[in-house]
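The following pair of complexes shares a single chain, chain A, combined with chain B in the former and chain C in the latter.
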Partner chain A sequence: MTESEPVERIAMDFTDAGDGRERAIALLLLSMADDEFVIGFSDSEWTGIGPILEEDVAISSLAQDELGHAQALYRLFAEVVADGRDADAVAYDRPAEGYLHARLLDHGRGDWAATIARRYLYETADAARLAALAETSFEPLRDLVAKIRREERYHLMHVEAWLDRLAEAGGEPRRRLMVALEAMGPDAGTVLALLPGEPALLRHGILAEPFAAVESTWRARVDGTFGRLGLAPLPATRDPGTARTRHSHAFRALHHEFTMVRGSEAAATW
Partner chain B sequence: MVSPISPLGLGLVPAPAVRATAVRAALRSVHDPEIPTVSIADLGLVHEVRVDADRIAVELLPTFVACPALEVIRSTVADALSNFGRPVDVEFTFAVPWTTDRLTAKGRAGLRAAGIAPPSTPIDVRCPFCESARVVMDSPFGPTLCRSLFYCRDCRQPFEAFKPV
Partner chain C sequence: MGEAAGAVEAEPVDEAAGVLEPWEVFRQEKDGDPMRHGGSVMAPDATLAVHYAREMYGRRQESVHLWVVRRADIHDLADPDLLQPPLDRSFKKPGGYVMREKLAAAREASGQQKPRANKGDR
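This part shows the complex of A and B:
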């Protein structure tokens, strides 16, 4: 790509993108990488304080997986954009407003029920997105998605078991879960909100179907589960136009934390 | 080209021939940094070995995308192949997904020797210590990304099992 401005700053503007294939791929990769990075970093806050020992190990493993997926996606992004930045520079050297993760992930870690609610909504939406990319014409992404989906099966098993457990426990666990779902519900669909490059993604066979179709497949799945558990159905997405561009105070605090070490000594190697 | 000049100045001496099979054999001496009884070859990590006139290229498949042992494996492989007298490139690829089917019989025996049950469906997992089938999964998530936690009801030993992917 030849744009002199970093792609994330121009990412949401496709008026001058020509055919737009590379920019659309870059935007897709960056949005997915930022999703995985933010949820991975945020969930890693449970390491050492998980509710029970096995769960501490489990959530730490899940967080490690997500950060690994983010790293692989940032590497692909860096190759596509080829503006001299490596994966670390893309992950850490942007201002908070340059991140393109879904607003659902702006809800911080919260209590255990909030973490499970957020993981459930994110993981099911991510699974639907990965399914729509399984046959993508962009080969490096197809290889990576095949690998990631094998790992994400364990993520889904884990979070679906926890959702059932909290919802069926009644009392305080169920009450806390319902509070979390009510707060996050309007932002749940932001993971599958329309990206500006969608026409190019579809035209070039990068994405199998429009995000709107992916979203309705996902909603049907969530509705089925919530119906079985007697939970309120998910509301429509609030402000889908700013699904990935307007971030919360909670995210700015998280951004401050995850850039702190690199910011203090940018040239350090590990 | 990096063929060395002969000390007598009589011209180029061709670099000694290196066969890919010899490189693959050498990779059988590189062990997993966390499971010293299993080589990376028997673990099924080796995707491709290419010997060119001026370099050796090795492509490996990560077991998990986020495996933190990759950099250690990369440098161990480069060291193990340094005797072949030409630069070694070690790359990781997702060109085919690593799956537990890639483990060889020797690799599965090596896992058992380390006290880790080889991958199978959760119903078929056997205790690596007493071979009992009366085992129960405590958690699919263990001390590393590739292992789960089990408990043996016969010898009352907690153990780890390689996670099927």
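This part shows the complex of A and C:
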């Protein structure tokens, strides 16, 4: 995407997406889809350079799962917004500042400890968010969340196994993990930061409880794990008001990477 | 990190942790099938071995059940004296001795006919 792109493609405009309920659903779907897309794409950078062959396959497979979740969420978003864009157009045809992923995912892939720290913080927060959507009144999302949660079970097992091993190994592995957690900790809560449409989501039974309550549940879980591993508790969320905007240079580089092919020939078919 | 990093750096690394070893993976393709050897994975412990087995032999939904066994826990036998002894062992096969020629020779010596099939006239 170049500087000369038309202005109308820049803004994610929900103003014509129906009533407050639909706008709120669209915003929720897009934030979740962008989260899954960004962590999936970013983790896929390990393909070919994973710590060992088996882990290379595992992280690549996990990254594919996340991209699959993103695709399903983008499709649902495209159906709700119904502005003529398909899932690919939503995923690829926005400038970097148009993405709504949480600031936690603006931290780049980093080293293996940073990837595990980011995955642990994101996956546990995502699990709490999915739990709050398990009984959502929006039926297509309820079906999708049920499927996604079955895959995320394994994702959690995988990342918790790695968190334990890095934390309990002592020495350099533990030190690298602590460095990563210290850098990401203040941004971890951005995954569950208040969305503008929350009152509508609650009023229409889309979301079971406020994000603040979801965040408390998530923090209790993380505090328990970090306590057991002797890791410092997570700090409060930094700048929650810009949790999903003002993205980092690391994300801009990633965005340049994942839009490059489509940007070279938007109408190409595969 | 400051002090905290310095403090943990002084801790020794658990050298036993993270050492890779082979694990053998058996997979069942569908319910009712036998478990068949699929291959092996390298992993530092059982938990990650199971995760990696799942990725290597299950991520495309090609298995319904996996067994993951540490190769070191498998009792190995490949001794040719025990498994491929040099003398004829055909009598231990389910078919037993090959009797046809011996029977034919015995009948000829005694002048007997080959008994007819039982027609139920006894």
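The working rule: the second predicted complex is superposed on the first by the 251 of 270 C-alpha atoms of A that agree within 3 Å, B and C clash if a C-alpha of one lies under 4 Å from a C-alpha of the other, contacts with A are read in each partner's own complex, and residues count from 1 in each chain.
Operating definition for what follows: contacts are C-beta pairs under 8 Å (C-beta built on N, C-alpha and C of every residue); 3 or more make two chains touch, one makes a residue touch a chain.
As the structure is a prediction and not an experimental result, all values here were calculated from the model.
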Touching partner for A:G84 - first (chain B), second (chain C), both, neither: neither
Partner chain in contact with A:G48 - chain B first, chain C second, else both or neither: neither
Which of chain B and chain C A:A169 touches, first, second, both or neither: second
First (chain B), second (chain C), both or neither touched by A:V57: both
Which of chain B and chain C A:M157 touches, first, second, both or neither: both
Chain B versus chain C as contact partner of A:E182, first or second or both or neither: second
Touching partner for A:A72 - first (chain B), second (chain C), both, neither: first
Contacts of A:A232 with chain B and chain C, given as first, second, both or neither: second
Common interface residues of chain A - those touching chain B in one complex and chain C in the other: 54, 57-58, 61, 154, 157-158
Complex contacts: residues of chain A adjacent to chain B: 54, 57-58, 61-62, 64-69, 71-72, 140, 143-144, 146-148, 150-151, 154, 157-158
Residues of chain B defined as touching chain A within the complex: 62, 64-68, 93-99, 138-143, 145, 149, 163, 165
Chain C residues touching chain A - in the complex, by the definition given at the top: 1, 4-5, 8-9, 11-14, 17-18, 20, 41-44, 47-48, 51-52, 54-56, 59
In the complex, chain A residues that touch chain C: 52-55, 57-58, 61, 154, 157-158, 161, 165, 168-175, 178-179, 182, 232
